[in-house]
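One chain, subunit A, links the two complexes that follow: it is found with subunit B in the first and with subunit C in the second.
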Partner chain A sequence: MLKSMDKYMAAAALSAKNYLAYTSEVIFRSGFLVVILFVFVNLWTVTYSRSGAGVIAGFDLRQMLRYLVFTESIVISRPRVHQKVEEDIRTGAVSYTLARPYNYLLFQLSVSFGERMVRFMCTLLVGYAVMTIMIGPYIPGLSALPFLAVTVALAMLADLIGMIAVGLLAFWVEDVSPFFLVYSRLQMLLGGMIIPITLFPSFLRRLSEWLPFRFMVYAPARLFVDFDLNRAWGVAVGQILVCLLLFLIGMSVYRMGVKRLDVNGG
Partner chain B sequence: MCIEVNRVSKQYTLWKIKGWTRRERQVIEAVKDVSFRVEPGRALALIGPNGAGKSTMIKLLCGILSPTQGSIRVLEMDPFKDRSRLAYRISSVFGQRSQLWYHLPPIDTFQLLGRIYDIDRVELKKRMKELIELFDLSSFLYQPVRKLSLGQRMRCEIAAALIHKPKILFLDEPTIGLDVVARSTVIDILRDLNRHRNVTIILTSHDTGDIERICEDVIVLNEGKIVLESKIREMRKNFFHSKIIEIEFAEQPNDLNLLPGVRVFDQNGPVVKLEVDLKTCDVNEVVSRIVACNAVRDITIQDPPLESIIQHIYLSGYSAEREAGQNAQIDG
Partner chain C sequence: MSTAGKYFSLFLGYLHINAKGLLEYRVSSLIALFGSLLNSAIWLVFWWVFFRRFPNISEWQFVHLFTIWAVLNVALAFVSVFYNVYKIPAIINEGKLEYYLVRPKNALFHLLIARMRLVDLVEAFIWFISFIILKPELPAVILFLVMSVISSAIIHGFLLILGSLGFFLKSADGIGTELYNALITFSTYPNWIFGGATKWIIFTVIPAGFISYVPVQVIYNRVYWWILGSLGFAVLLNVVGCVVFSRGLKYFETGNTFVLRAD
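And now, the complex of A and B:
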């Protein structure tokens, strides 16, 4: 099993190295995070001072801002893997990968994961620096770090599998961007990117608990600001199940698509 | 037997859009009742005009597509059903599709491919050393691919395709876009691989010159069917009766002083295309006579276009079926 995963790990590492060539893009994206944080720091500061409450939905102001840094770093670091998959299908490049000894979905996942890790580290570094300047430093406990690393990695994997599945729709449609728009907006709203899920009205909270998006954004960010070991285990198990489920969906879509490829001539 | 193709046909479905909403299903037969065999260590060219079915045939042989009818065996395997197993024993280079990582040096791609093909690290190191020497890659091995010339890139592509020591190498238009020098280098390498390293080569190209230098056998496809299956030298003897000479004169030529067997094929101001019948006269003599009488800026000598060779094959009543029966074997 580990031996067969070796090629995918190598692909992820090479992709991370390849992405270092895009340093200017990384810097620009990270700069965008500074603007977002500046707006939200002011917005939440006013909200907390006007409401007079020290804690809103389980978050004090500092936690809320740390939460925002973390969720934004996760979302901004997202590579355009759905577009890559769409392009592979539209140009027929996907058919040539069939003659290589790897699983296309796992390969794309590894490549996009490697790229995303580099992006995430850069944006988190910038976000952390801005956060430290604005509200002071924050260091999660040492025991929390391995769990945070694992849950962030699983959150990204789940999101990337979802994005690849959206890209695979190009087997049937000319343009997957409307589908990705719906996917990303659902993730933004119901995944808790801007507002933590605990702030939602009860029906929306219940809805988001049934959807995979909270495992992609809210759950690891919540652990970052307020670590709890029991919750961390629950999050990790939930994320693994979401990854498996999305992967099975993605593989089914891929298999159906590849059959079409044969019918339509590659 | 290395490859056995037995009465293979491949149909595609296309949807035509008619008007605003109406869609019409159209079935296209890309390959029609094709049969041939290839012995290990041979070099076979699949040639034909655009849409002849060459690339579809390569995709069928690699297991990318499954035949609608008939059967294919490659290295004793069904390429479509045993695709993953076969992938370790064959390789492919598709001229316009790169497997090199654009921003990284070629050595990184080689190392990744080593992992993809489950090659032991010591073996990989040894293999890379061999390929670096064979393809003379050492001077640009650590340069990002984006900074390499097309010729250097193609050498790296072919080296990458050989990292797992495949028994068969499929090449779809490997020299497309290359300049004369780069093309020549790539051709020499491919010929060496086939002649001295026993790699079976299946090549598609529009360029008959490339094919002659690499392959011993040729299959000419047209509209999905085999129209000729032959040895390259026989094909040359039977069908390459003419050469096209394109001459750019310094000014409008007055007297071309043409020999018998030479005709003006096309003329556009000072640029004249001549067709030389090789049975009647010699190309060198034609060129010498023209240069002696006129000031010439540029001369190129080409084989006639494939379309005209195919037309010639049809006109001469020559076909694969007549020449060698339904199931001819290419056996050296």
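And now, the complex of A and C:
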């Protein structure tokens, strides 16, 4: 089992290595992240100050801002793997992969995961620099770092599997962008990217708890600002289940799609 | 036919062509419309949650945030009638400008109207109706339209200046995109969250204050002198944009890429 995973790990490592060549470009093109973080710092500083509350929805001001750095870094680092899958299906390139000794979904997952790890480190670096300048440095406990690394990796894997599953809908439709739009916007709100889900009214919070998005954004970001070992285990278990569930859905969609694949020409 | 008549006729011609394009690609247009509305809806839910949790945080309420989103979206739809204003650096760099230079019409005007994103007008209509439902008072509706038009002129002038820098800077496209994104981001937040130098920046370098704070002042507090102030600023930005573009044309040297039909 582990041996058969070697090729996917190699693909992820190669993708990360390739993308390392673009790190300076990613950092210099992070203007939007800087602007949005600047706006968030202003919004929440004023909100905490005017409301007179020290803690809002379980976060103090610094935790709230660090939470937003983390959620933005996770989401902005997302590569457009759904478009790659869509293109493979539309151009028929997916048919060449059928004969190759790998699982198409796992291969796309590995390549996009390698790229995303590099992008995430770059965006987190920029966000961290902005926050350090504006509210001071933050160093999470060293004992928390291995758990954080695992939970971030699982969050990204879950998200990437979801994106690939959306891309696989190209077996049936010409353009998957509306589906991805719904996926990404639901993640933005109900995943807790722009606001922690603990701030939601009860019906929205219940909705968020029923959907997998909070494991992709809110849960790892919450651990980043307020680490708790028991919660970390719970999050990791939840994330693994979400990954498995999404993978099964993705593989079912892929198998159904491949059955109706009809390639013309050579 | 007078010169103005000829230009108006050209405008109508392009309007007709672009409207046919909209009908031809109606599915992708509808997808774009759906996407834009969904994005706005998600942000409005964020603000609804925010003001539900902090109702007394300022004199602003959810209705004010809805208004600035509505003004911004209607303004962006009007800018979309001159959609190439977003593409000026690319048009210069990809050899598409020459097409307009050899035509017997003002190159800037011709370039701006050649491509329109008319589906955005459908979105503007939806925002306009939503605003009427929100505030069914004739003066407020008229002021809403006035401020939307002025805001669109401000965004257009801002984009024209940034785009015309493409004559002088190879990286104008990237810089322009970053500044435009900053303008849109700042425009969707209430101005009272900013202090110090940022308050000045949003009324000068990145004129988002004219698109968010000013419409609320005019529509809800009836501070009418702001209309003249923002109108003057809109005219200034567009005049400066035209000057930078014409200076850039003098500086411009054609490359070896020649595109027969640009859009």
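One rule holds in what follows: the second predicted complex is superposed on the first by the 255 of 266 C-alpha atoms of A that agree within 3 Å, B and C clash if a C-alpha of one lies under 4 Å from a C-alpha of the other, contacts with A are read in each partner's own complex, and residues count from 1 in each chain.
One rule holds in what follows: a residue touches a chain if its C-beta (ideal position, glycine included) is under 8 Å from a C-beta of that chain, and two chains touch if they have at least 3 such contacts.
This one's a predicted model, so the numbers in the text were calculated from it and none came from an experiment.
By the touch criterion defined above, A:N42 reaches subunit C but does not reach subunit B. In the superposed model, A:F32 lies in contact with subunit C only, and not with subunit B.
After overlaying the two complexes on the shared chain, residue contacts for A:I139 are found with neither subunit B nor subunit C.
When the shared chain is aligned, subunit B comes close enough to touch A:S95, but subunit C does not.
In the superposed model, A:S177 makes contact with subunit C only, not with subunit B. Within the superposed three-chain model, A:I194 lies in touch with subunit C and out of touch with subunit B [touch as defined at top].
Comparing the two complexes, no residue of subunit A contacts subunit B in one case and subunit C in the other. Those residues of subunit A lying in contact with subunit C across their complex are 29, 31-32, 35-36, 39, 42-43, 46-47, 50-51, 56, 175, 177-178, 181-182, 185, 188-189, 194-195, 199-201, 204. Interface residues of subunit B facing subunit A in the complex, by the touch rule stated above, are 10, 12-14, 28, 30, 56, 59, 62-66, 83-84, 87-88, 90, 92, 94, 97, 101-104, 108, 111-112, 115-118, 144.
Across the complex, subunit A meets subunit B through its residues 3, 6-7, 10-11, 14, 17-18, 21-22, 93, 95-96, 98-102, 262-266. Within the complex formed with subunit A, the subunit C residues making contact are 28, 31, 34-35, 38-39, 42-43, 45-46, 49-50, 52-54, 57-58, 174, 178, 181-182, 185-186, 189, 192-195, 198.
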